[in-house]
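As structure tokens, here come the structures.
After this come two complexes, each holding subunit A, first together with subunit B and then together with subunit C.
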Partner chain A sequence: MPAIPGVSVCQNLYLIACRMGVRSGNWLGVGIWQAYGSLLPHHHQLSGALVAGEDKEVFLSIRKRQISQLEKMPMYGDLGNKLVQHAKRTQNLSHLPPYQTELVRAVAREIRDLDKDVASLLEPFQGSFDPSTEQATACTLLVNHLSMRRNKRCLLAYHRTRTDKLEELVWNGADILDLAGQTTGAPKGGATDGNEGSGTTSSLSPQEEDYFRQFGDLLALYKGQWTDIDLTGSLEPPRDLFIDVRVLKDAGEIQTEYGQFYVRQGDVERLIAQGYLQKLG
Partner chain B sequence: MDIDDILASLDPHPPSSSSPSLIPPETRDLQALTRHWVAERSTPELLSWPSDGLFERINDKIKRQIEKVEEMTGDMDPKTNFALIVIQTELERWKFLVRSYLRCRVGKIDKHLLHYISNDALRTRMSPIEEAYARRHQLLLHNHYLNSFLGTFPPAMQNLNDTAGNISMIDSPDLDSAVFIRLLKNAEIECHGVDVDGVLTGKEGDIVILRWSDAKGLVERGDAELV
Partner chain C sequence: MSYYDIDAILTDAEKIPCTFQIDVPDLGYLDNQPGHTLKAGSRVALPIWLAEMLAIANTGAVDMDDPSQSSKSFITFDLPSALGNDVVQALKADPRSVPLRDQSAHFYALATHMMELSEEPELSAVLRKTFVSRAAEIALHARKVGGGGSSYHGRDGGGAGGKGKGKATKEDNASNLGVGGAGEEFLRGLDEWERKLFRSAHDGTKASKEWMENVKKR
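What follows is the complex of A and B.
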């Protein structure tokens, strides 16, 4: 192996490539090829071509040897991918699927493990690490570094998707109790990771419930600055001042200015949104 | 109140609209609000909050109208009743415009919170109320992340504004998305295409579709308006 310059770098790169999903044209994969170019400038002219000459041969042979076992190994980034898939699925759902507590923990754990790896890799150098003499280590460090960032972004994306959903619910006037009640209908969502049965009664994590409440307060505060407008009112341009409604649920006594079922739209929007009334015509 | 007065006050194009000095201030405010509303809804990024007291005036007007409605509700004379319905309908429309405008802005701010908070020039585009809202919202989000997972990270990774690897974590709006503008005077339009850039000579009244990043200058100079 030492006879071929750059082989350890190459091997490392291949591991990264597999882990990060370079086969599917992932953006981090691209970053790694650029890093590869910058690590080996004195061996090959890499501007333009991604891999050239004997490195390509090395790359291919390693690829052949390792591809079968690598594909079976759990890899960095896999869990993050799963989170992103969950987030993507959540975007198209009307309800909020259960929070993936285990998956989130596992991805966060991966970050901590990688961080420990970095620390132990750097330890022997006592702060005098020179990337140009230790290319293999530099490359591993880079991979670990990028894997950590990627996991972080996956976590952020997952949580932001869910908070967006929560905020939408708050804007629509949903109640935290309504959310807790909707879990019974959720578990038929196809490929799930077996987290549904873990004893949680709500599809929200406790942190998300807090967030839901806090955002509700924030919105109430913001709305309070525009009392005459009713910011959560209908975003459809108003056509008629009065509308006919059908009562779907008993809502107790409701005072309106103009008698029972012929009501001013602005007065009953809340009740329509909450499902007490249905707009007719 | 005469029915002609009511109809005249509802007519969006009063005959005097050619000479601006004759337009009553309410109508001008309505036009300004509608213009702000259209522009805000069609651009990818947040536009500046009107600082000329437009919304203070609108708020006052809405408040006065609500009081008027309450006053008039008292007597059940069929004549005033009709006027009341007209005024209430008009009021609902004003409220809708303001609501839609504000919601649109909040939507944009929510989508790119850090982007608008962390840049001084962008921050001034928000009204004080919006800025307070945005800061608090970002704080809530960061706390939520910290409690959910960020808190267990190595300290160096707990920020939300990394720029490692030349990829900024702060998402920003796509300024290259398309908008429609109407030219208010003859102007040269510089456009940036995917392959070629070009210059277009536009006449007053032309309607053009182009990237917001190209249209921005024209709109800010008052040479064009968004439609």
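What follows is the complex of A and C.
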């Protein structure tokens, strides 16, 4: 090949592009390829051969492979899966992590999109769709349907995991203020610091707060049927009738029958469960 | 296996190799080529929740010339590599030396699911043996951790609380008991089901030990 400066330069560029593209998988390689492409007619003319065409094919095949490695096509159901992984983590935590509003919305959106797809796929058939003659369409429809069903299951399982957790918290006498964090505002700061740390937003969705409150009411109603048994009381038999307590949070003026720091355990059990008092000794 | 079972849902997300039997114009994205036709014979890894129904579903096509061909399904599938020959051979050789978790976090669940879809008598026998010999090993480790742990129960004050214990105890196991790297290695390779077993075995040992100590105090 005659020594023409332009050619050797762009060939070098091309080599660099290949190497960078393949090694680091970044898009700089592609940018350089485009620069090379604009020089291509020139190159082609000069060398007068089909080398460039072959090069291009090689490069394109490399690029194709790169793309398939780099960008795993997101699949329907991927987001739902993320949600379930959140649920899995939630199961092993003692507190309730923040509600994944965005993710839930995205999954719901995916379902709506799939539903639209199905509608537009079926439209040309005017209600006379025959799966045995339109196999490919039937297959697509089935895939769409299954993806919707999968997403539904993921959504339901995620919410179920959280409501289970909420019910458990209600039974343990947790306070909605502790869970809701910010919703009641900054003045209650002392009550939220422990659980929320950075918490500027509630870790419960508004619906979950409702659920929590209503389940609490339901439990209270249920417990009300047996006035002489505390269903949520401790199962440990007390060693002493009276205990010493330390006040952890300001709960206002509370006077029990016997005093303020040496009290009957039964009188303050609820306050201990809520975290206002600590039992000593 | 409940509809709401998180582990079951995660198991269903495991991918298995499938082969499409028909051309489908709109599904190119399953093979990383959106906008292209997915050709018959393409091999694609699909999650079980998709593959299962596609394999079972009948295309409903009636082939007049050859009735035996008339009802093929959309796809056929193979066993995932986690249950492939290599793994089965390794399990036959020594079940305890295979980190199942590296194959799949839900190894047994995946295997049971696959066996529901296709008959695998050999696999079933191998897995049964695998579980039995590994379960014995798991029980042994769980007991060691619980038994040796009483001295530092006080230290962590039971504060770990509830279900989160599994991981912490495993680390304790490695540092305090001199079970050594091998034991730690083995415990890391447990699949999700085995982890549950380990946890209950460990919690059981610990609880009964605590109860015994309480009895002595009184």
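One rule holds for everything that comes next: the second predicted complex is superposed on the first by the 147 of 281 C-alpha atoms of A that agree within 3 Å, B and C clash if a C-alpha of one lies under 4 Å from a C-alpha of the other, contacts with A are read in each partner's own complex, and residues count from 1 in each chain.
Rule of thumb we're sticking to: a residue touches a chain if its C-beta (ideal position, glycine included) is under 8 Å from a C-beta of that chain, and two chains touch if they have at least 3 such contacts.
Not measured: the values here are computed from a predicted model.
Q: Judging by the criteria at the top, classify the pair subunit B and subunit C on subunit A as clash or fit.
A: Partners fit side by side after overlay.
Q: Considering only touches as defined above, state whether A:Leu235 meets subunit B (first), subunit C (second), both or neither.
A: First partner only.
Q: Tell me which partner A:Leu146 touches in the superposition: subunit B (first), subunit C (second), both or neither.
A: both
Q: Touch check for A:Lys88: first (subunit B), second (subunit C), both, or neither?
A: Second partner only.
Q: Touch check for A:Tyr211: first (subunit B), second (subunit C), both, or neither?
A: The answer is first: A:Tyr211 touches subunit B but not subunit C.
Q: Could you tell me if A:Ile272 is touching subunit B, subunit C, both of them or neither one (first, second, both, neither)?
A: Touch partners of A:Ile272: none, neither subunit B nor subunit C.
Q: Which partner chains sit in contact with A:Ala106 here, subunit B, subunit C, both or neither? Use first/second/both/neither.
A: neither
Q: Output check: A:Leu156 vs subunit B and subunit C. Expected answer is one of first, second, both, neither. What do you get?
A: In the superposition, A:Leu156 touches subunit B and subunit C alike.
Q: Would you check which partner chain A:Glu167 touches, where first means subunit B only, second means subunit C only, and both and neither mean what they say?
A: So A:Glu167 only meets subunit B here.
Q: Who touches more of subunit A, subunit B or subunit C?
A: Counting residues of subunit A touched by each partner, the higher count goes to B.
Q: Based on the superposed arrangement, let me know which partner A:Trp226 touches: subunit B (first), subunit C (second), both, or neither?
A: first
Q: In whole Å, what is the nearest CA distance you get between subunit B and subunit C after the fit?
A: 5
Q: Could you list which residues of subunit A make contact with subunit B in one structure and with subunit C in the other?
A: Residues common to the subunit A contacts of subunit C and of subunit B are 146, 153, 156, 160, listed in rising order.
Q: Which positions of subunit C touch subunit A when the two form their complex?
A: Residue list for subunit C touching subunit A: 3-7, 9-10, 12-13, 22-27, 29-30, 32, 34, 47, 49-50, 53-54, 57, 59-62, 74, 161-164.
Q: Enumerate the contact residues on subunit B facing subunit A in the complex.
A: 59, 62-63, 66, 73, 85, 88-89, 92-93, 95-96, 98-100, 102-103, 106, 110, 129, 133, 136-137, 140-141, 144-145, 147-150, 152-154, 157, 160, 162, 164-165, 169
Q: Considering only the defined contacts, which subunit A positions touch subunit C in the complex?
A: 67-68, 71-73, 75, 77, 81, 84-85, 87-88, 91-94, 121, 131-132, 135-140, 142-143, 146-147, 150, 153-154, 156-157, 160-161
Q: Spell out the part of subunit A that touches subunit B in their complex, as residue ranges.
A: Of all residues in subunit A, those touching subunit B are 31, 104, 107-108, 111-112, 115, 145-146, 148-149, 152-153, 155-156, 159-160, 163, 167, 205, 207-208, 210-211, 214-215, 218, 221-222, 225-226, 228-231, 233-235, 237-238, 241, 257, 264-266.
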